[in-house]
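One chain, chain A, links the two complexes that follow: it is found with chain B in the first and with chain C in the second.
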Partner chain A sequence: MSTLDQATELSPAIAARRSNPSFNLLALVSRGLVYLLLSIAAFVSIFPFIWMFVSSTNTAADVLTGKATLGNALWANIVTFFTTVDAPRIFWNSAFLAIVGTVLTLIISSLAGYGFEMFKSRFREKIFGALLLMLSIPFAALMIPLFIMMANLKLINTYAAILLPAIASIFIIFYFRQATKAFPSELRDAARIDGLKEWQIFLYVYLPVMRSTYAAAIIIVFMANWNNYLWPLIVLQTNEQKTITLVIQSLSSAYYPEWGVIMVGTILATLPTLLIFFVLQRRFVEGMLGAVK
Partner chain B sequence: MSNLKLRGIRKAFGNLEVIKGVDLDINSSEFVVFVGPSGCGKSTLLRMIAGLEPITSGELDIGGERMNDVDPSKRGIAMVFQTYALYPHMTVRENMGFALRFAGKPKDEIEKQVKEASRILELDPLLDRLPKQLSGGQRQRVAIGRAIVRHPQVFLFDEPLSNLDAELRVHMRIEIARLHKELKATMIYVTHDQVEAMTLADKIVVLREGEIAQVGAPLQLYDNPDNLFVAGFIGSPKMNFMAAEVVDRDNGKLVVALANHGGTKVALPIADSSANKGDKVTLGVRPEHFADAGKGDSDITVGIDVAEHLGQTSYLYARAPGGEQLIIEREESRDHGALDSLTVAISARHAFLFDAAGKRLR
Partner chain C sequence: MAAQTKLERSEQINGWLFVMPALVLLGLFMVYPIVWSLWMSFQTGRGMNFSFGGFANIVRLTQDPIFLRALGNTFTFLIIQVPIMLVLALLFATALNDTRLWGRGFFRTAIFLPCITSLVAYSILFKSMFANDGVINDFLLASGLIADPIPWLGDPFWAKVVVISAITWRWTGYNMIFYLAAMQNIDRSIYEAARIDGVPAWARFWYITVPMLKPVILFTSVISTIGTLQLFDEVNVLTLGGPSDSTLTLSLYIYNLTFKFMPNFGYASTVSYVIVVLVGILSFLQFLVARDRR
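Our next item is the complex of A and B:
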């Protein structure tokens, strides 16, 4: 008997159970239930995307009647979208805020996470605890004081008003601190003996070793920045400054919303995050599982 | 190569003192091993020498210069870590040349040094591999290579073989011994494995709870331990300890009675006048120093629980009538496993006596 045969040979108990008709039926039903539940979950997840794509090919009237099949208005909707809005401008605004915001958030928050984990101090845990506590404060409660602060700093209707509150993200600091716990302290010791200063250790050792953590953080932060709606709605007040999410929302608040056109805009707004996710997908999974192997 | 001088070295974490005043001289080209149980402070002491832990008080000199506050990279040391600490995103070549790159050495100089180290350690075919593509032994050789290229005055090894399997550990131990011979460098090596300590060291420093228990050549510690701790720590299997009481002093000999062996008396040539009649003491006998019955000074009979036959040597795990456990080593033994009891002899010249505080009585 080959090794494979030996390995796949069933134990007598399992073989007996498999030959029992009532056991077979039970296994079939339970497996069927699992597949049914998974199919429902998959459908719920994927339906908005299907609906978005189907609606982008239909007229507003068809969308409102709940037409769930592909139409022939895609090209007309695309043309309307690009003639109605200043697409290059709003994409540039969104891209600028998302990219600069992501870069700054990653720099500031990863440095903070590294510092919180690497440097011991009497107050470290107290400060970190206070930061985590702030995570529980909803943004709605922070909006007004934040707006007053920005107004006093004369930053309303500037990108600085969007970027400044976001770059020290408590969640990303927490995420980097947790990930840094897996960073071997011997690497830092070895680098110190090799003559590196602390900032060089961060740049030449920590950053490349933790690249999966950074990749996961890029996806999280970029998506949050790209999809940011409420705060930009409050502080950006001229059309020249507005981002794609604000413009799509303004389209839907028209007297007769052009749902097909809105869906074209939504598809275009989804593409960058999808692209980033697919490019960094492998690293994202590694980063979520722990960067250091 | 450099000598080291440690004077009154202390280390405290808050109120907890982990190194309690270490005085030690390490000569140039010497291979010194710090050995001791977990938590004795041996790694902390090594990290203080490396500059990775600040020295709370005391003086550290390397090559005649005070190094207490000098940056680790400027102490003339290189360190090999237990977990190798290779940079995972760099090839073997880049790992080995990394320190030189940051020291501003020209590229051809770095390449030359890396080539030389890889020749010594037979790493040439591995230079373009990443650490994850290497075996444990190869990684440790790269870690040693990374130390060699810096031409340090002192090599520091922090339990470098602990992560390797038994066979590879023996191989790497011989490699390190060969390297020491070839480089003639001062080396400080931390281990909890006393076989590594005995085989590699010119000098062993036995540490206990942040203090030096004894310093000496391996056989000096083995043959002449200063205290109960060193006697028990050096030697494998460890020395047997038997509870005893001083019962007499006769013609320069101290007579003790073994409490768990029916009061069997052993007369030892000990001149120490601090031991008095009635004092509780401990008699130490190494497993290999039990003689055949009648061929020593006092016979004891023990019950045998288990016999381990390793071929040439057998270890008998025995029990005294009073319950005390003993290990007895026998050469070329084949039949002891079948025995229920055995009578062996204690030779006074191979026995050690310790007072109640663990100090050796001589």
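Our next item is the complex of A and C:
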């Protein structure tokens, strides 16, 4: 860095520009514009969150007329939310689906990612190539046959219908295969010499070594499961099973939505991912980037 | 020699054992449905009473004004929203890549924050903000940008604007993170050299940053395209496809055909294959374009 600074210092072109007042002014203006642009972007990005918290303290009428200051309806909104819907149940449903879904996805998909990278079995590259092509299959093209399948299997209104199609995730398989390339094969060789079976190597050597990969994958899968909407909307039709996402959507589609109350639900729906983000910010971003590394 | 073959056999067996659970699940819940849905797209009839219709569904597509509307809307969203979002993301990433910038961490976190919301949750927020007497109109009226409130969700044009703004809000930071990560891999001395040679900032951006980021720009445009072609959650919460089908997307139309109206699985599958084909063609085109520019 210091050598670069010296180079800039010594450059006559730069020195000339620095002494030129109109250039300095231009630089100052463009710098000001950058801060202005970023500040607007930051404000626009954050405002809906502020709006969510502020609106949860306001009545529906205040929300609709754009009241952007704190009101005193927060307690009333919370009480209404907890009496209109079975909030603990709904929250538990979402959490259960997200947690069980994440654990199963991580097991099945990391096993496959490890398998694809570590063992040179026949056809593995062809199969893997086919998987990558399948990555772009839109869910819209799967939902009709999947719905009929689940109906035939009598799985409508069960969590199995949500979990089964989701737990083998091509994206996560791909993610783990990429990450496994960095797994030192000497560790495996040493474990083999020590007489460990392949599943033991996976469980006792690979898993602990790759915990940061697992952490990043947990975050993305948990988020995707927690926020899942279309497929649960199709297969969960009774109130006892609905997730928080489904509930806030159905509350908001009422003819006269109780906006203040809905905001309480929206906060509950957003809080887990917001917390994960702030606690594990670096891992969070790593997970999102994982696919292109 | 014997040890060698034993090792080879163990590679084969273990290789298959580790990937088998995932392959079985993918076969059952992805390959089988996608093939079945191709078969269904050539069937006609209500509910589960299928009869072979040949190209009847495809002919119906060309004469179905609602389908054509949904197709047009989806393309409008694609052509307008994806470029706006990617250009914004690239600009923000360039600004934030400057190590001398004060408050980088704050700006980066703030712009990324929308990505943590669920599609339903943020659509609810936008629906309430864009109410007729809502906070957005209040702000625009107070700042003098408009003289009369805009009927955001009640007007076919403005409803599209709301959907586009909403998606841009949610995904710009997501794309920005990809660009930032890629920019951090570009050797800074290239920029320094260009700066010393008197290359202006815009030219450094256009002739260094953009070509270096080409693979990532391609990746983000492919995933954004695929995402937009499947747009569902936002429109289902914000507008339900209205007013007068002005924000109806292909996915929402498939959903309506299957679960709202008298189910017509065959025709709905044909519409869903339109998305499959579009995703295929557009991804392929984008790869071709990227290869040619090399």
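Basically, the second predicted complex is superposed on the first by the 254 of 293 C-alpha atoms of A that agree within 3 Å, B and C clash if a C-alpha of one lies under 4 Å from a C-alpha of the other, contacts with A are read in each partner's own complex, and residues count from 1 in each chain.
Criterion: a contact is a pair of C-beta atoms (placed from the backbone, for glycine too) under 8 Å apart; a residue touches a chain by one contact, two chains touch by 3 or more.
Nothing here was measured: the structure is a model prediction, and the numbers come from that model.
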Chain A residues touched by each partner, larger count belonging to chain B or chain C: C
Partner chain in contact with A:157 - chain B first, chain C second, else both or neither: neither
Contacts of A:193 with chain B and chain C, given as first, second, both or neither: first
Partner chain(s) touched by A:209 [first = chain B, second = chain C, both, neither]: first
Partner chain(s) touched by A:252 [first = chain B, second = chain C, both, neither]: second
Partner chain in contact with A:139 - chain B first, chain C second, else both or neither: second
First (chain B), second (chain C), both or neither touched by A:184: first
First, second, both or neither for A:127, with chain B first and chain C second: second
Common ground on chain A, meaning residues reached by chain C in one complex and by chain B in the other: 292
Partner chain C, residues of chain A touching it in the complex: 4, 7-8, 11, 13-14, 30, 34, 37-38, 41-42, 44-46, 48-49, 51-52, 55, 63-68, 108-109, 111-112, 114-116, 118-122, 124, 127, 131, 134, 136-149, 164-165, 167-168, 170, 173, 198, 202, 223, 226-227, 229-230, 234, 245, 248-249, 252-253, 257, 259, 262-263, 266, 269-270, 273-274, 276-277, 281, 285, 288-289, 292
Contact footprint of chain A on chain B as seen in their complex: 47, 50-52, 71-74, 77-79, 81-85, 87-89, 98-99, 102-103, 132, 146
Chain A to chain B touching residues, read off their complex: 184, 186-187, 189-196, 200, 205, 208-209, 211, 292-293
In the complex, chain C residues that touch chain A: 10-12, 14-19, 21-23, 25-26, 28-34, 36-37, 40, 48, 88, 91-92, 95-96, 98, 101, 103, 106-107, 109-122, 124-129, 131, 133-139, 169, 172-174, 177-178, 181, 188-189, 192, 195-198, 201, 216, 219, 226, 229-230, 232-233, 236-237, 240, 250-251, 254-255, 258-259, 265, 268-269, 272-273, 275-276, 279-280, 283
